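So, here come the structures, one by one.
Heads up, the next two complexes both have subunit A, just with different partners, subunit B and then subunit C.
Showing the complex of A and B:
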């Protein structure tokens, strides 16, 4: 389980859990779960586009994630947020369908990106993943208070001198980058569960925002480490364990909230 | 104590339109320091747009807004938006909400500091919210949330406090408590308070100025100057009846009062005695 090739997965998953716990905290309090669901789905065809263009699939994921962010942000100025998110998602999926059809030998990789695979991270990908992880963590910590205030009320944030539009764009960019990081490991269909389950549990356990974000990271770490171990032992898809454990964590959080 | 020496808020000839639809037309009024003013109008009359123009969230086509003689807010304005829809599980205590009014724009995490905590406690005490300071803000009642939001807006000691429909959806007791709190801020601490409401009655005994909005136009003055049949008829562009029932003011379109089954007129003070619920306020 801790042999050479597995160490890449442990390292990437640990970074992913930290980022998902931090960004997911804002996903939950902003009520942006649909965007957290749509961005991974719209991002995964980026790997196929990268294959056609002859570049590293990871950068294809990053590129499509940022395209998704730009689309949601731009369309969101004139449309309701859910409509803007849906329009962006179907556009990216349409482009992805074309890329997948043009790339004849992509079926296996597409399956891995949809459902995740334990060995999805190469040693070469660890460095950019680590860099993005460090960047996301730094930005979340630096902008913690403006992100929190604009999540509660964009109007209050503006009245307090926060540029709510820029903070919204920052949040979407953080979400897009976190998505690109997470896709190779847990898959497009289940990134969402890691972004929502742990923070939804954490918010029920504490009344303090900083503590809730830290708890969200801890729970995400427990979920992803347990999922890797169980997937390794059972040879079942890691995405299944991530989804089940994240939902279980949320259930425990609700139970704790009902008892308080 | 009143401090009306000079205009703290001047709204001069402000016009605003969205996609060609006129929302505010040449709105002008001014408020002195310590004034308690009601911004009254029905839903869609332009109250929120006017508030947003004062805050600089909307760019008006004409006119200017001056706060303490200057354009721009410079931290002099506190704002309480319409009731927030806060998740009951939101991990945020009432005291955290107030603290965000102090430093929610700053970078980095906030660390516990004695001075910060003292400021927050002082503000919570000023709005009588210390009892629920450590509760989740999303789990508080509507009146309690309004107190917390007012403390959030006041913690930087603004000269002007704008409140957008703070009395909506509150029970009668909470309405009375919030009005008393705002009157104290205005008359005892010299904060200029502008409160928007679609029903002027809860504010009648407290406000010393009123800005009445209808169809994007405004009239302003003292309540006795503005809430008159001839003034509001001129504002609306058709005949309006101002009726007083048990100390409450009802503004009704011409004809509506005649159709009331229990209205008997003419009456010396233009009032009726029973069943005010039968009077339909104009839209």
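Showing the complex of A and C:
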């Protein structure tokens, strides 16, 4: 379980859980579940598009994630947020279907990118993943207060001179970057479980923002480590365990909140 | 008609799979557009998308057990509608959160079932046809079934459209007037599940949101009255589907025998119409 090729996965998954726990905390308090679902799902064909263009798949993912961020914030000016998100998602997926079909590796790569595969991390890919992870952590810590304030009390944030549009864009960009880095490890559909389940559980357990974010990182770490171990032992897809454990964490959190 | 026939690729209407695709996509587009208008007004785009994604577990399960995929998709979509209704949190943020967690769990199950599909039955194409649809591989028997389901759902929609609008616009007023707001909400989710199932069969589970939200969003920008918006959405949806089927069929001729996917053409048409609808509103507002 801890042999050479698995070590890459453990390292990437650990960095991913830290980022998902931090960014996910803001997903939950901003009520941005749909955006957190749409960005990873719309981003996954990016690898196929990069394959067609002959560049590193990682940059394809980053490119599609940024396109998604631009689409959601641009269409969101004239539309309700959920409709804008849905339209961005379908457009990216429509283009993605074509890229997947043209790139010829339709079946195999689509399943891996949608649902993830454990061995999908190469040593060369670890470096950009680590860099992006550090960048996201730094941004979240620097902009912790404006991000928090604009989510909890938009009026107060405006009064304090926080630019609501810029904070929204920053949040979406963080989400997009986290997505691009997490995709190859757990897959598009379950990046989302990791972004929503652990922070939702953490928020039910405590009301203090700093503690909630730290707790959500811890829960995300437990979820992904357990998912890797279970997936390795049973040979079942890692996505299943991430989804089930994240939902379990949310259920426990809500139960605990009701008991209090 | 001779002129139109000459424009189309020879053999377009004589082709069995094409006929099935046109029939099923007609039902899917029509029902999705109708339900979609209410879905947007009620702010339930995420629920619609979640039902579609969760129903893919049913599609994957149907492949595994060799059942008609329509029943697989439908079973899970209806189950999902039931769960969303039970979660039934009133505050929008909490509702989105619960929907999201449920969606994540459902997709995990899809991943597992697809994995079993590949390992036990060695149907490696299952992931693709479940997630992206298989428009030209619809079994002929399915056309009548989906026509029946679509017609039934449209009758229900026609019956509940007034209370549905009232609930969306003014829930308190609807409650005072004796409308069972919860029942109407659940019926809407059920119709959403049906619409999503039919779309999942044609353009795939993750793209069914295109038929649900796209035409309705464009129509709501063009028409102010709900009745007109519904009519317009249906026209846009059906036109996009049929146009997409024709372009995909035609693409075998110019793309070197590979054929571009139907879903790509349908989404492109819908998105173009959506962008164009914005242009028109700009002009009318300036006048």
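In the analysis below, the second predicted complex is superposed on the first by the 259 of 260 C-alpha atoms of A that agree within 3 Å, B and C clash if a C-alpha of one lies under 4 Å from a C-alpha of the other, contacts with A are read in each partner's own complex, and residues count from 1 in each chain.
Following the convention adopted for this analysis, a residue touches a chain if its C-beta (ideal position, glycine included) is under 8 Å from a C-beta of that chain, and two chains touch if they have at least 3 such contacts.
Just so you know, these numbers come straight off a predicted model, no measurement behind them.
With subunit A as the common reference, subunit B sits beside subunit C without any clash. Judged by the touch definition given at the top, the superposed model places A:145 against subunit B, while subunit C stays out of reach.
Of the two partner chains placed around the shared chain by superposition, subunit B is the only one that A:209 touches, whereas subunit C remains out of contact. Of the two partner chains, subunit C is the only one touched by A:95; subunit B is not.
By the touch criterion stated above, A:196 is placed in contact with subunit C alone, subunit B being left untouched.
Of the two partners subunit B and subunit C, more subunit A residues are in touch with C. Of the two partner chains, subunit C is the only one that A:111 touches; subunit B does not reach it. Of the two partner chains, subunit B is the only one touched by A:162; subunit C is not. Of the two partner chains placed by the overlay, neither subunit B nor subunit C lies in contact with A:56.
For the overlaid pair of complexes, the smallest distance between C-alpha atoms of subunit B and those of subunit C rounds to 7 Å. Within subunit A, the residues touched by subunit B in the first complex and by subunit C in the second are 31. Within the complex, the subunit A residues that touch subunit C are 28, 31, 33-34, 36-38, 41, 78-80, 82-83, 85-87, 89-91, 93-95, 97-98, 100-102, 106-108, 110-111, 114-115, 187, 189-190, 192-193, 196-197, 200, 236-237, 239-244, 246-247, 250. The touching residues of subunit B, counted against subunit A in their complex, run 55, 57, 75, 77-79, 81, 84, 86-87, 89-93, 96-97, 100-101, 103-110, 134-136, 152-153. Considering their complex, residues 40, 43, 45-46, 48-49, 53, 92-93, 96-97, 99-112, 114-115, 118, 124-125, 127-128, 131-132, 206-207, 209-210, 212-214, 217, 258, 260-261, 263-264, 266-268, 270-271, 274, 278 of subunit C touch subunit A. Touching subunit B in their complex are the following residues of subunit A: 29, 31, 141-146, 148-149, 152-153, 155-162, 202-204, 206-212, 257.
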